[in-house]
Every structure is written in structure tokens, then in C-alpha cells.
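We call the chains A, B, C and D, going by the order they appear; numbering starts again at 1 in every chain.
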Amino acid sequence: MAKYTSMAYQSADEMVFGTAKYPVKYGRDFEVGGGLVYPELVPHPRPGSEETKKTLVREYEKMVNDVLERCVQLGFPGIQIELEHVYQMTRNPDWGGEIAAATKRLMDDYYQKYGLKSAIRATIADYRKPDEENMRDSDALKNILATFEASAAAGADNLSIESMGGKEITDYAIVRQDIKGVLFGIGVLGSRDVEFLWKKIVEIANKHGVTPGGDTDCSQANVAMFMAGGYLDKSVPHTFAAICRAIAAARTLVAYEQGAKGPTKDCGYEDPIIKAIAGIPISMEGKTCACAHSDLLGNLVAAVCDLWSNEAVEYHDMFGGTTAAVFTEILGYDVALMNTAVKMGKAKDLRDMMINSDKYRDTHGFILSPDNAYEIGKAIVSNSESYYSRARAAAIKAAELMRGDSKLLLSDFEKEVLESTYKALLSLPDKEEDFIAECIPVYQKQVKGFKPSNYGL
Amino acid sequence: MYFLDDYSGIFVRYDLKRERGEAKAVAVEDEALQQVIQCVVDGDTDNIGEVVRKALETKDPMEVINALVKGMNEVSRLWDEGVYYLPQAILSSDAMLEGIEICEEKMGKAMVKKGVIITHTAEGDIHDLGQKIVNALLRANGYEVIDLGKDVPVDEVVAAVKQYKPAMLTGTALMTTTMTAFERISKRLTREGISLPFVCGGGAVSEEYVTSFDLGIWGKDASQAPLMAADAVSGKDWRQLREKWNG
Amino acid sequence: MAKYTSMAYQSADEMVFGTAKYPVKYGRDFEVGGGLVYPELVPHPRPGSEETKKTLVREYEKMVNDVLERCVQLGFPGIQIELEHVYQMTRNPDWGGEIAAATKRLMDDYYQKYGLKSAIRATIADYRKPDEENMRDSDALKNILATFEASAAAGADNLSIESMGGKEITDYAIVRQDIKGVLFGIGVLGSRDVEFLWKKIVEIANKHGVTPGGDTDCSQANVAMFMAGGYLDKSVPHTFAAICRAIAAARTLVAYEQGAKGPTKDCGYEDPIIKAIAGIPISMEGKTCACAHSDLLGNLVAAVCDLWSNEAVEYHDMFGGTTAAVFTEILGYDVALMNTAVKMGKAKDLRDMMINSDKYRDTHGFILSPDNAYEIGKAIVSNSESYYSRARAAAIKAAELMRGDSKLLLSDFEKEVLESTYKALLSLPDKEEDFIAECIPVYQKQVKGFKPSNYGL
Amino acid sequence: MYFLDDYSGIFVRYDLKRERGEAKAVAVEDEALQQVIQCVVDGDTDNIGEVVRKALETKDPMEVINALVKGMNEVSRLWDEGVYYLPQAILSSDAMLEGIEICEEKMGKAMVKKGVIITHTAEGDIHDLGQKIVNALLRANGYEVIDLGKDVPVDEVVAAVKQYKPAMLTGTALMTTTMTAFERISKRLTREGISLPFVCGGGAVSEEYVTSFDLGIWGKDASQAPLMAADAVSGKDWRQLREKWNG
């Protein structure tokens, strides 16, 4: 497949929130990356509401209405709502379709009445089981594709997914600090599965005239990052998790090579690297997604975002209204601050504040700081012989950046992990075919259910 | 300090675009009654006494009361349409109630009310503004309000319900740590076999909480109170009210 | 009583977040207004936990621990926790005391183990009923003072209150758009009650060597602001609510004239005016208090803050941890951004972004924009003959500012309210004694239970 | 792009201050057993087979198993003290289990386990990493794990409990809309008169939710699983586990 071989931006400094090289327009007068940042609100239905289609549609109607009403109450110019499918919405394509249609009805209504700009992202649930079924021909896959169709037909503006290819290997490898396994799971298998899936998604999007949005390595790199956790956690080393993230960038990039146009998925922390390479608008989540998970780069991750998201908030009452409304309000003001900076001609000042807040707080912020993200992007596009070669180059670059900056302080343990991981990366074969040949027997033995044919191998 | 000239992209003043209804005068034949109506529509508490007394010189008290109510209906419409805000409605209600009192004196008896409603603010809670607004709006709409006041013990609420047999009970609370009294009231009433709509609202009181116990109906806004009271008086039970107003 | 007659700052532009003329030090290595902003987290116990002292203390221990742990997990340098008393904590002085002691134990522990800086604000509940009891001699007052004592003895660093004087009048007046009543309730009665109460609070604080913090017109000006609500609400006109706020500044100032040192209470939206006059550090709440209530000045209100608060969040689980931890995280990153700006020498740039985000979004943001807040402050100190005269001057100034700035757009209805309120203000007597003489009979007739003797009248 | 040199006031790197335990070697007399222990402590899955086979030449299988367990205990201590992280524990567990398997072959029978635990991931949920970690840690601590896998229907879980009569059941879920299966499992078991600790955890699963139904104990972290299992095997019932681990 055609791969990116050059950067969309001349330098990291050229990148800033709100503006992307290739803006995307859709929905109700909604433009992403065209100069302004918008909030992306992700509401999550309460447990129990998934019981019937009727109760779930009703739950979404209430959540969506709360979001749109709060925008008008406070003067927010526009918003994207993500319908992040719970299992039941993809398992039953008509559920997903009907919820998209209900969301669209409400958005049309607010647009007519108040001029509120808006758009819908439908993120279909990838519930294929890599270790139990045929990833390229299963009922799950059929339902997934049918739900993309139904959502596009019903009014979704942006089609996205968090695809799962390679997870059977990375689940095994992440908790064993096995960088080879991660490189194989994310860099090789993940990339191949993204390629397979996104050909189909782009086709569906084109057929319905909607936008193929993006993918995210949520199921793998985010697992590593979430397990790494905060300063007190001792699950996955933070240096190791950061290297997993660099690998994820090479994998997620495949979606855009297949025709996805962005804005990317909010939980793709690898997206600043993607933006540097592909120039597409990105959705990011940071401090205001604390409702969904904690991270050590709450401000930095907003530095080059085009949408700003809460990742997921379960629908409940708070003193200040429902959680959907509350997080719309916080996101909306975050975004207002960014857009004010744009209007004042000070966007880069605010960006640099965001960066300096977290660049040296931890490893993830460090490698995703736009300057370092850009370097990792360059390593990817300069090693485009194979999915493997660019993923490994990204990992090596991330390790080198961490090794080479004395301002990034590391505990002895983290240093040891970084050194051993770096050495392991250097010792791997150069050629993809050699690497694959080496990995297949190892992981067939160690990971129950791993089938190379799921990835065309 | 640096100030922008152009705020587009930062915020949109949706409030300026809002459609606004028009203040139409309600025209009636009689000049004296017209003045009564006008005083209510204007919330003119300074002059309502005088114009009502003047009208009573030639009109039957019930005719004057009808004019007062007509004025108040007009005010409700204006509030609904965004011409008026809450203060206008409260002032009109003040004026109307003052007028009715004068008429009732003349009649020598109270006018027939639509029904009895008990209101209270939860035990431990001294913030009763919400309850006062509810009282004003209920009275303005013709209900007899038994106002138990603020910081009212559960026992007292239950006793009052037994004594007055209201069509509806309301509870207001600002704090979640005082609103738990609502659930205790609900349990006590239910145990004694009493079933009536118990509308709870205010500050931190959430729909999730109120609909988690029997009898409870969540009141989002004081302005709903008269409409809920109308449902209760018409014979709808608490389940029907909850079905209609919540969820 | 001695009144402020000059401004602490030479100009509005001199004011910026993180720095106050008169910083306050207390707690565990904690300084407010000394150059950096800290978060102030306010956790609220779940309904039911107030049943016994044991359950409530346990609830607080969990909440406080979640807050402190999240700070360490993410590297936040310090935090203040507000123990905002639920009724039961003040009604039973030993409850309040024991909760302060438990909080201190945990804070000492985190300070020793990690060096986390911290402080406790105890905000005692004012549950006197102005229309039912003697405000200057009642069981409620005795309990309130006893709880101040118990809290100070047990480890509270900052003693605060949201006092209620005059509320019986303003409750009546706000919903009738009666500016005279508001001026009487807040400007005269409120000021006199603050004076009465704060003499006693300052005495208790001094006795225990802790800091008398601040008061807030929560029970009056915030009622007006919350009822005014968003763009779609039609309860209290927004221009009217803004004028109530200006009046509140003249009232809350009395606490500092009596010896309170700040940091002020988070929900005192009048505090930028207070800071301009008194130079004390202020705690503010804005976008990140959406969990507690919505407002139209989410960013602007941070422009000159020294602590940044969530106002109140009920303790529950979210995907990302408990609400106490989640809001600690969001506040902590908000604050990290401000402190980064300080360190970069760009604090005023960020401040101006905050201001421009909301100055013309609505009336409250408009009058609390530091430039306008400063002007209102000047009106207050230049009219210091009486509590009344300065409160009225603040109101008139706020009205004039709104009338005089063509960038502040107003609906016809709001304009009418502004004009009629302005006229009413101008028509009032100049002298306090005349005003009081005029008001007493009016409100004795209209407000059941109003007793002038509660205010020494 | 502008980068600061001094980050004080912005963040504090508490992680660097953290105390760290020391990796002490467990010394035993026998050289062969010492190597077995070392392989477990190092998580050395490449060499464990060889050293275990070597030790079995001179030692009784139960002696070797005891050495494997001793190594694993050392690993647990190192993890507790922050010397090791989860991956080290998992690799050691891999090594230990491989070693035990070899010993069991030699004995011609399985070693006696501390008790039976059933684990599963909720119906509709295909994220089973949490469960896999729980499995590894339970096995490393000597429990027999019946692994029902992911996306397991309620019926199947209930049937397995009846069949295997485990000391404890665990459920993992990433999504709240799948975790509702836990409550259904609890109800089914309770209705059939079965009472056992049902530890639920993972992703969106909250303490508030899990402690809202009978049998449920909230598991905060996979590392708690072996300790909870020990309590369950020692005869503590679900209420005692909840009292100890939750609240």
C-alpha cells in the first residue's frame, strides 16, 4: 500500500490547535481544523438503559438534548457529539441507526432555531474476537459493517472505530514488558488489520457521502498508558508505555493512508504524530476527560488539537445538571479560551503554555510534545519500507528522545526498562519478513488462539 | 489589558436572536374591570387596592375576581412567551392576591379554591426562596396553599398531610444531605397507606433521587407547580404525574 | 467602622492570577497569592452519610484521601480542601471538629511522605433564620461560634462562612426586581450582619492562631445570578443580577475591614472587586465548577484568582475515579496552565485570553472583568460615608458601565430592566439614615418576620 | 516553541522521591534449588525448564515445587515494595507455572491447590486482559482457576458455579452496559440459594455499583485477587469480604 513518505508540516512549530492542513467540513455548518477548535462531547448511557432499543434511544435523546441546550444557554458556537457505540448498538445495526437519526433530528432542530453548529461522529464497536473467530469473515464483522451503513444512512457525519487487530498479542506482551510482542501486535498485525478494515469503511462512507473519520489504538496503546497510570502505580513502566504509543502512531496512520480524512478519534493519543505527518484535523482528550480516566498530560495534549473531548461520561445528575451538560460546559470554556487565543493572535503562546505544563511531567507528555511528536513522525516517514520498519523506527526514536533529554527525569527502574527496551529494539531484524517469520512460531505457542490468517499471513 | 473587537468564534449571543411574544392588552367592555386587569398585568401593587375597591362599587365581587384571574392568565401567557420574566409574574401575583382578599372581605367568605396543596422546605434546610416562589405561583393560580415553612421535621409534614388531606405535597431542599428527609416522608406516608403526589425540587435535588422512592415526582422548575397541581386535583395519581413530568 | 478609602492596586492591569498584594501563609508550607495558583477542592458527602458522626467522618476521610492521592499521582504541588459544612457538621460542633482533625491527619501524612503542600478551609454553615429568630443571640449562633472554635482547634487553617444577614429581604426583593430591597438587604442589613459576625470570627481565629478567611454573598447575589441562569432562562434579568453583584462587593468587603485576611470564599463572585480594593488573595470558581452550577463567565472569573475551585461536587464514582479525584485532576491542570504562564512570564497574556473569552458573553462577566471590577471598586472606596452609600455607588457604577459600553449587547427587555433599575437607584436618598427610615416600614409590612433589631436597628 | 528550564510550581516529580525496597536474594543451601528460585525471581521462562529438570534429578518434586513457591513469594514481596512492577510478577508467574507443570508430570498427579476460583469476563465484553492478569496472579498463588473466558452468558456462569462449587467467583467488565450482567448473576445465584463471594472489577465497574447487589465485592485492582481468594478459602463469606475490602 501507498505510505506517507513526507511530513505535512515544515516544522513542529507550524502546528497549533484549531488549524489543520486539510480541514474537514460536514454536519450543520461545521468545520474542523479550519481555524477554530470545537468541543466533542461523548455521553455514555446508564447501565440498564441498554435493555431495549426504545430505552436506549430515549436515553440518547435526553443526553443529546442536554448537550445542545447547554451550548445555547452559554453561547457555544458549535459542538460535535460522538455516539460511541455500546456493544448493543453495533450488535443490532438498527439500534445504532435509530440513535444516529434521533441525534440528527435534535441537531437539525437546534440549528434551525438558534443556528447552533453541530456534527455527529458514530464510532462503531469492534467486537470481533481476534483469538476466537475469523477476523476477516465473521458475523461480528458483518454486523459492524452493517452498522456503519445504517449510521451513515441515518445521519452520522463522521464514521470512526477503535479497531482491535493484534490485541491478542499485545494483551500478552504489554503485561510482560515484551517489546517484540508489542511491535508485532500493534506495528505489524494492527497495521494490517487497519488496512483491511478501513478499505471497507472508506467505501461505505463514500457510498453515503459522509466522512471516514479515524481509528485509534485505544485497545492497545491506551491499555499500556492506563496501566502505567500515575506516579504511584507499578503496573506497566511509563517508559515502556511511551514506546508503545510511538508504535501506535505508525499503526493508526494506516487508516489515513486508506482514505480516512479525520477528525481522528479523541482517544488516539498518538494523533499529534498523525497530524504532523498527514495534516488532518485531530480530536484529543486531556484534563477534561478526567471523568473517563486519569492522565499525566492533561494540558499538553491540547496543544495541536482541532476537537477537544471528554472521552466518555456516564449520564447522571450532578448539582450543576446532568453530567452530559456539565462536561459540555467545561469543554466549551476550554475551547473558548483556545479560540480567544486564536482571535488575539496568541494561539502559539497558549500552545506553549500547554506544552510546558506537561512536557517533563511524564514520558507520554514528553514524546507527544509537538517537537518530539514531529521527530517521531519523521522517523516513520523516513522508514516507510514496511509497516514493521516504520513502527520500529518510531519506537527507537521515542527511546532515543527519552534517553537524550536530561530534563526528563526518570527513576532508576524506569531507566533500566528504557535501556533494556532500547537494546531489544536495536537487536530486532531489519526486514519485516524476517521479523514476522521470527514472531509467528513464538506467539503461536504462547498466545492461545492466535491465527496468522486473521491478518493475511 | 487587551480587548478584542470581534467575538465571533468565541461565543454566539443566542439570547438576542430569541423570538419574543407581544404584550397584547386584554380588552373587556367595562372600564373599571379593565383597570383591574391592567393593574394585575402591570403588577401594580400600589394601585390595585384602589381600583378593586372602585370596581366593587358597581360590580359583584365574583365579577371582580374573574377580572383579576383574567389579568393573571394574561401574565402567564406573557411569561410563557418570554415577554415577562419571573419578577413580573410574582408582582402580578401579589397584586391579584391583594385584590382577591378585598373581594373576599366584601363577600364575607373566601372564594372557592381549586384544591389544597401543602408546601414545605426540608428539615435542616433554611433556604426557602424556592418554596416561596412555588407558594406565590400556586396561589396566583387559585390553589389554597398550606405553607409549613422551612426546616420542617418529617413528623410535622406527615401530620399536616393527615390533617389537611391535600391533593399534592411539595418539598424543597437546597442540600442533598437535607433532601433525604423526602424519602423518609415518602416511607412514612406509604406505611400509613397514604398515597398522593409528592413533588420535590430545588438546588441539589435530582430526578434520579426523587424517582427512586414512591410518591416522588421531580419538579424541575417552580413554574411547573401550578400545572402539576392541576393534574393532581384532576385526579391523576403520583405514578401518572411521574410518567408525565419525569423521564 | 473603619472603611477602605483607597485601592490596593494602582490599576486593573496590575492584577493577575496567583499574586496578591497581601499573600497568606498557613497549613503545610502553603502560600496563597504569593505568585502561584493552587486548586481548592470542595467535596460534598453523599446523602445518607450524614446519618451519624461516624459515617460522616468516614465519608470525609475517603473523599480527602482521594483528593490527596490524585495530587501525588499527577504531580500537583499543593491543594486546599474546603470542608464546606453540611448542616449537621455545624449543628454538632464536635462533628465539624472531628472532620477537620481527620483531614489534618491525612494531610500531615501526605506532607511527610511526599511533601505535598496543603491547607484546610472550614466553612461553617450559617443556619440562623433571619425571619424567625434573634440573629444576634440564638442557639444557632452559639453553635456556629462553637463550631468555629472546634474547627480551629482541630486543625482548620482558614475559617470562612457564607453569612445570611439580610436574606429575608433580598429573597423577597430579587424575585420582584426590587432594587431598593436588594440594596437594603445586601448593602445595609448584610453589611451590618457581616460586621457583627466577623468581629467574633476574627477573635476566635486570633485566639487559635489560624487565619480568618472570608465571607461571600452566596445566599443573595448568587441566588440572583443562578436564577438569572443562561441565555434561555427568564427568571431574573441578567442586568439586574449584575447590579446585585456590585452591591454584594460593598457588603462582603466588610469581612476584610473586620480583619479577615483571605483567601476569600470561592463562590464570592464579587471577589475581583474585593481584591482590587483590599489586595487580599481570592478563591474563585468558574468553568470547573460546572459540576455545581452553570455560569456565563467560566474563564473570565479565573483572571485574577489565587485559588481555583470546583465549588462543590457530590462524592460518587465516575469511570475515571471518584468525583473528588476527577475534579481535583481538572482543577489541578487548570492551575498548572496558569502557573506555567507565570513561569513563562506570560501570565498577563493568559489573563487577557480568559477575559476576552467572556467579557461580552453576559453581564456578570462584563462587570467582573478586572477593568470594570476595578472601576466598581473605585466607586466603593470613593463613597465610604456609609455601607449604604458605597453599595449604592457600586450599583450605579455597574449600571453606568453596562449602559456605556456598546460592545455589551442587550436584548430590549434587558435594556428596559437596566434603565428602570438605574433610574430607581438614582432616585434613592443620599443619606443612609434616610434610606433606612424609608425601608423599615415598607419591608416590615411586606416581609413577614423582618426584625430591624437583628441588625442593631 | 519555547521551553522552560525550571518546572517548580508547575509539577513535582513525587515518583522520584518514592522509597524503593531492595532486591534481596533468598538464600537456600541447595545449589540446584537456588537456581530454581533465581529463575522464578528473574522471570526467566527461557531457562526454567532446564533448571527444574536438573533439580528433579536430585530432589523430590515437592521440594522443587516448594522452591518455586519460595521464589514467587519473593517476587510478591518485591512487587509490594516497588522494586518490581506487574510485568516482572507476570513473567515470574509464567516461569513458576511452567516449573510446577514439570514437577507434576514427574509426580504423575497435580499438586494440591489451595482452592477453586472461577473467573470470567462479562457477556458482551471482549476485553479480557484484566481477567487474564487475575488468572495469572491466582495461579501463581496456588489456586486452581476455572477460566470461563470472555463474553460469557449469565447461564453459563451460573452453571459453572453449580458444577465446580468454587470458593470465589470473579467477573471483569470494561463497560457499564455489560457489567449489568453481574447483577443478574447475583440474583440467579441467590435465588438458587447459592452464596459465595463474587468479586467484580475492571474498567468502568464501580464500588457503588458492585456493593449495590448481594454477593458483590468490588475489586479495585487485580493484585487484590489472591488475597481475596485466601479470605474466601479460609471460610469468610461475602459480607465479611465486603466489610474488609470495600467501604
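Definition applied: contacts are C-beta pairs under 8 Å (C-beta built on N, C-alpha and C of every residue); 3 or more make two chains touch, one makes a residue touch a chain.
Labels paired with UniProt names: A, C = Methanol--corrinoid methyltransferase; B, D = Methanol--cobalamin methyltransferase.
This one's a predicted model, so the numbers in the text were calculated from it and none came from an experiment.
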Chain pair with the higher count of C-beta pairs in contact (A-B, A-D): A-D
Farthest-lying chain, centroid of Cα atoms versus that of subunit A: B
Whole-Å gap separating subunit A and subunit D, where each centre is the average of the chain's CA atoms: 30
Mean-CA-position distance for subunit C and subunit A (Å): 40
Subunit B and subunit D: spacing of chain centres that average the CA atoms, whole Å: 60
Chain centre separation (subunit A, subunit B; CA means) in Å: 50
Junction residues of subunit C, two or more chains touched: 44, 72, 74-75, 231-232, 314, 316, 319, 336, 340, 343-344, 352, 356-358, 361
Residue list for subunit D, restricted to those that touch at least two other chains: 2, 4, 7, 10-11, 13-15, 176, 204, 209
Category of the chain touch graph - line, ring, star, complete, other: other
Pairs of chains satisfying the touch condition: A-B, A-C, A-D, B-C, C-D
Of all residues in subunit B, those that touch subunit C in their complex: 1-5, 7, 10-11, 13-16, 18, 20, 79, 82-88, 90-91, 94, 124-129, 132-133, 136, 150-151, 175-180, 204, 209
Parts of subunit D lying in touch with subunit C, wherever the complex brings them together: 2, 4, 6-15, 17, 176, 203-204, 206-209, 247
Residue numbers on subunit C that touch subunit D, as the complex places them: 35-36, 58, 72, 74-77, 114-116, 316-317, 319, 336, 339-340, 342-344
Subunit C-facing residues of subunit A, complex: 44, 69-70, 72-75, 229-233, 286-294, 296, 298-299, 312-314, 316, 318-321, 323, 325-327, 329-330, 332-334, 336-337, 340-341, 343-344, 346, 349-350, 352-354, 356-358, 361-362
Interfacial residue positions of subunit A with respect to subunit D in the complex: 12-13, 44-50, 86-88, 91, 127-129, 164, 171-172, 174-177, 219, 223, 227, 231-232, 234-237, 240, 314, 352, 355-361, 370-371, 407, 409, 411-413
